[in-house]
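There are structures below to look over.
Heads up, the next two complexes both have chain A, just with different partners, chain B and then chain C.
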Partner chain A sequence: MSDEKALSGEKVMNNKIDSYKRRFLAQSAVITGAAALGGGLVLTRVVQARPASQAVSSKNRWGLLIDTRKCANDCDACVQACEMEHGWGRGSSDEQRSSPAQKAQWIRKVTLRDRTTGHETSLPMMCQHCAHPPCVDVCPTGASMKRDDGIVLVDKHRCIGCRYCMMACPYKARSFIHEDLHGQKTASPRGKGTVESCNLCVHRVDQGKIPACAEACPEKAILFGDLKDADSEIARRLASEPSTEIRGDLRLDLGVRYQNI
Partner chain B sequence: MKPSTFREISGNSGGYWALLVFLGLLIAVGLGAAWYMEHNGHWVTGMNNQIVWGMPHVFAVFLIVAASGALNVATMASIFGRTAFKPLSRLSGLLAIALLAGGLLVLVLDLGRPDRLIMAMMNLNFMSIFAWNIILYNGFFVIVAVYLWTLMERRGNRFTRGAGLFAFLWRLILTLGTGSIFGFLVARQAYDAAIMAPLFIALSFSFGLAIFMLVLFASYRWSGRPLGDDMIHRLQRLLGLFVVTALLFVAIYHLTNLYAAEHRDVEQFILDGNNVYSGLFWVGYILLGSLVPMAIAWFSPFRAAIGWVTTAAVLVVGGGMAMIYVIIIGGQAYPLQLFPGKAVSSSFFDGVISPYSPTLAETLLGIGGVGIALAIVVVGIRLFKFLPLSLEDARVDAHDKAE
Partner chain C sequence: MVKRYGFPLLLALLLAAGTPALAAAPLPDIPKAIKGEQCVEDTGFMRRNHMALLEHQRDDTVQRGIRTRQHSLKHCFTCHVVQDDHSQPVTAADPRHFCRVCHDYAAVQVDCWQCHVSIPEPSATSLRGGQP
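Then we have the complex of A and B:
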């Protein structure tokens, strides 16, 4: 009897261990599953990179928010970073024969002075990546184009160098190449007789990186992000803080916004 | 009125061949200039990232605008019943084609990549006025060629009115398109005005007629064919009418701009600046290119005085070039207003008046376009029956009153 009792006690114990095991396994599975699934969800929110096989989507609209209060008058780190990234200006030994008025400038520092008070503001100026870009409208060949994610750029292989886009751009964002170039950067093809401008570092954006200018700014005055993602920092700040479009009267719906002008 | 007899010019004289050689030289020099610019790149020109369209565009736009205007003489005869001008219709069509060809060649050879032109024609972006113009310009060649066929081929005569009307409408749209290249540039203070399109039409009337008169007078004088006073006087008065029409549009354009406070600064720059544009506008276009030709057109001492009428036509052409220079170069020289009301400066010449001095190569390319246009006419009138044997008064319809 006592043996029987002992045996049945052992059985109960074994059953309990089994149920613990089962519960443990089930719980682990749920936790692992949740971690895997949830983690995946979290990851897809964080990682903005898009596989090269996937087409650009209009679900994104890339843009910049530039806080001019943080932009020092004598700093041109953003300009220099752009020059190095795309191989123009100080980032290239080309364009030696072009006059200063003929040399390309993808981004430049502009100083504004209030005529009455004398107050000065400094800001970087580049392609504003309009939602309704006049350069794209006027381009006869379609070389000037806007990607679905809002990036405006030039297909250098289709550009015939008519310069109508330069006439149409309200921001003077474009440059014409006046002479032969050598040693261009792989990611930034450029060429004599064609027009070029800031392309929001499209090659970096496609790799999930931020544009060179935004990365280089020591004061973090240039914020890059997805204007259509309500949770992105740029969208949250644009929703809660005042910002300005340059020549907003033209209703071009710019991808680049400024603060404190 | 007897129907006119059309004949090729004999074209055997030393003068004819000297003229052809001269025009050939202009073309060769123009092509050489284009090669020099394309081979080196545009750094050898006066153009830059501020003045992106330079002297070649002044020539090209002038020639293209004049091309559509040159067709007006034919239009007057075929559509508006000015039978006195009927003998001139063929030359009018030929000159229109020739001027357009010359203008387009200059435009194309100034492209950064003219070798890719075929790509432009195969991938048209129909939002672009440039793309529309490619169709309008090519269509113009075809339509005017058909119109010329209806004039010169007996079987086609009955279609002349229809073809003439179609060519007239097409040329109006073509010039609207050329003017709209500027009218739709919203960001530029000097452009961005709907009136640019009709302004270009008004200018085309006077430019086209002036060149037509010069070509007509020269070809009749050099081929020894008679040209009556009545025909000279009709053309003279028509030129005066066209010049005053253009002047009216120019006045409206500037007055409306002057009234709008946002455009006042650019108007002051063009009209009252101590610069080349104000000089070209007031002395070149207004005084020499408009007022003097108007006086010659209407004051009786100059009536049918071929020397004076030729002078008037030359002045209209010169004044027209000055006006196009002011529109194209002056409009770009004035800085973009990125921050209205603020003083702006940058390394990229923001906020400053951009200087421009055309280089010899740019001007020679433009002159090459003129050479091509004139060479087409000179060869055309030798090969085909474009010119009536006589434009004596007795042959001009007396019942068709001038004006």
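Then we have the complex of A and C:
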């Protein structure tokens, strides 16, 4: 291969074309390798959980695909699972003095009704894990943050409770804790004076598990996965089936997408 | 002048007063760990530097998703447990708690327990809705 020689021989070539060429070469090498294994052998990639000591990376982007046709109007298993996992709502006996509008709400069920036809669509609504999150833009302390793997969350150690992020969020995904709490879960520390929202169950995702809501859905309407892994079920379905971003006009590039709304 | 001679003067006074004055404030009686031959680092090092380790770990975990056990706050309570008269682990609301004994003595107040649980995780995994 004369091309390969030219590439290795010259360090100066760092324009786009060369990077394409190099990638093509790398790919053809893999294909050749696979072919050499002969027929009948299928190579499947082993997805390994990240070691505990390794930082998250932008090679992944975690997201959800929610099929509203599978989401029953009278079911809130996902909400309940979140409450139990993170210790809010029915998962806690705190926040007795806060009004319903003030209480924590990491995820909620929303019903959309077509005024003309009367058709109702039910869906769970939570932090949409934007690639360009307004809550991060407005935060004065850097507490509202996006991890390299796309998960948007509050670093409560830095949160001063100013609530700018709550105003900035187009999805009303965040809540503020107004009272002292006592019955927290070890895995999900929460406390008065800070803002919180769905964190895609980081503590579970970091261990290779799926978020509590996705695990609890009896209809498997919530699919969790890596949007950047072309072989993942979520990426394949997003590529082959239509899906919607809520308020897609805001161009926030959401990590949570819906189908059939 | 006061600045320059204040400290030696104080020291001299204390020495003059003799040992009884110094013994008036007993050193904290730090509860022994219930498990483990040694701490996650050398005991002397932990005594002086535990706060730095914890603060480093919290940024590593929250911002970078690093979840090693060694310097994790929840991990401290697998070994550092103080039990009450009913053999129940006491929380940091109780002055007998491992983290309280020194802190009360040194007048240190940490806000960690507003959010973090200060006792070991219950062995029976907590209720989780709708899972197998």
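Assorted remarks:
The working rule: the second predicted complex is superposed on the first by the 213 of 261 C-alpha atoms of A that agree within 3 Å, B and C clash if a C-alpha of one lies under 4 Å from a C-alpha of the other, contacts with A are read in each partner's own complex, and residues count from 1 in each chain.
The working rule: a residue touches a chain if its C-beta (ideal position, glycine included) is under 8 Å from a C-beta of that chain, and two chains touch if they have at least 3 such contacts.
Model, not experiment: these values are computed from the prediction.
On the superposed chain A, the positions of chain B and chain C stay apart, so the two partners fit side by side. When the two complexes are overlaid on their common chain A, residue A:98 makes contact with chain B while staying clear of chain C. Shared-chain residue A:72: touches no atom of chain B or chain C.
Contacts of A:202 after superposition: chain C is touched, whereas chain B is not reached.
Of the two partner chains placed by the overlay, chain B and chain C both lie in contact with A:192. By the touch criterion defined above, A:131 lies against neither chain B nor chain C after alignment on the C-alpha atoms of chain A. In the superposed pair of complexes, A:212 makes contact with chain C only, with no contact to chain B.
In the superposed model, B is the one of chain B and chain C that contacts more residues of chain A.
When the shared chain is aligned, chain B comes close enough to touch A:179, but chain C does not. The minimum CA-CA separation between chain B and chain C in the overlaid arrangement is 11 Å, rounded to the whole angstrom.
Shared contact residues on chain A (touching chain B in one structure, chain C in the other): 180, 192-194.
On the side of chain A, the complex with chain C involves touching residues 50, 52-56, 77, 80-81, 83-85, 91, 145, 147-149, 153, 155-157, 180-181, 184-186, 189-194, 202-203, 206-207, 212, 215-218.
Residues 38, 40-43, 47-50, 52-53, 111-114, 116-117, 119-120, 123-125, 127-131, 134, 181, 184-188, 332, 336-339, 341-350, 354 of chain B touch chain A in their complex.
In the complex of the two chains, the chain A residues touching chain B come out as 97-99, 101-105, 108-115, 125, 134, 136-142, 158-164, 166-172, 174-180, 192-195, 246-247, 250, 261. Every residue of chain C that touches chain A in the complex is listed here, in rising order: 58-60, 62-69, 74, 111, 114-117, 121, 126-131.
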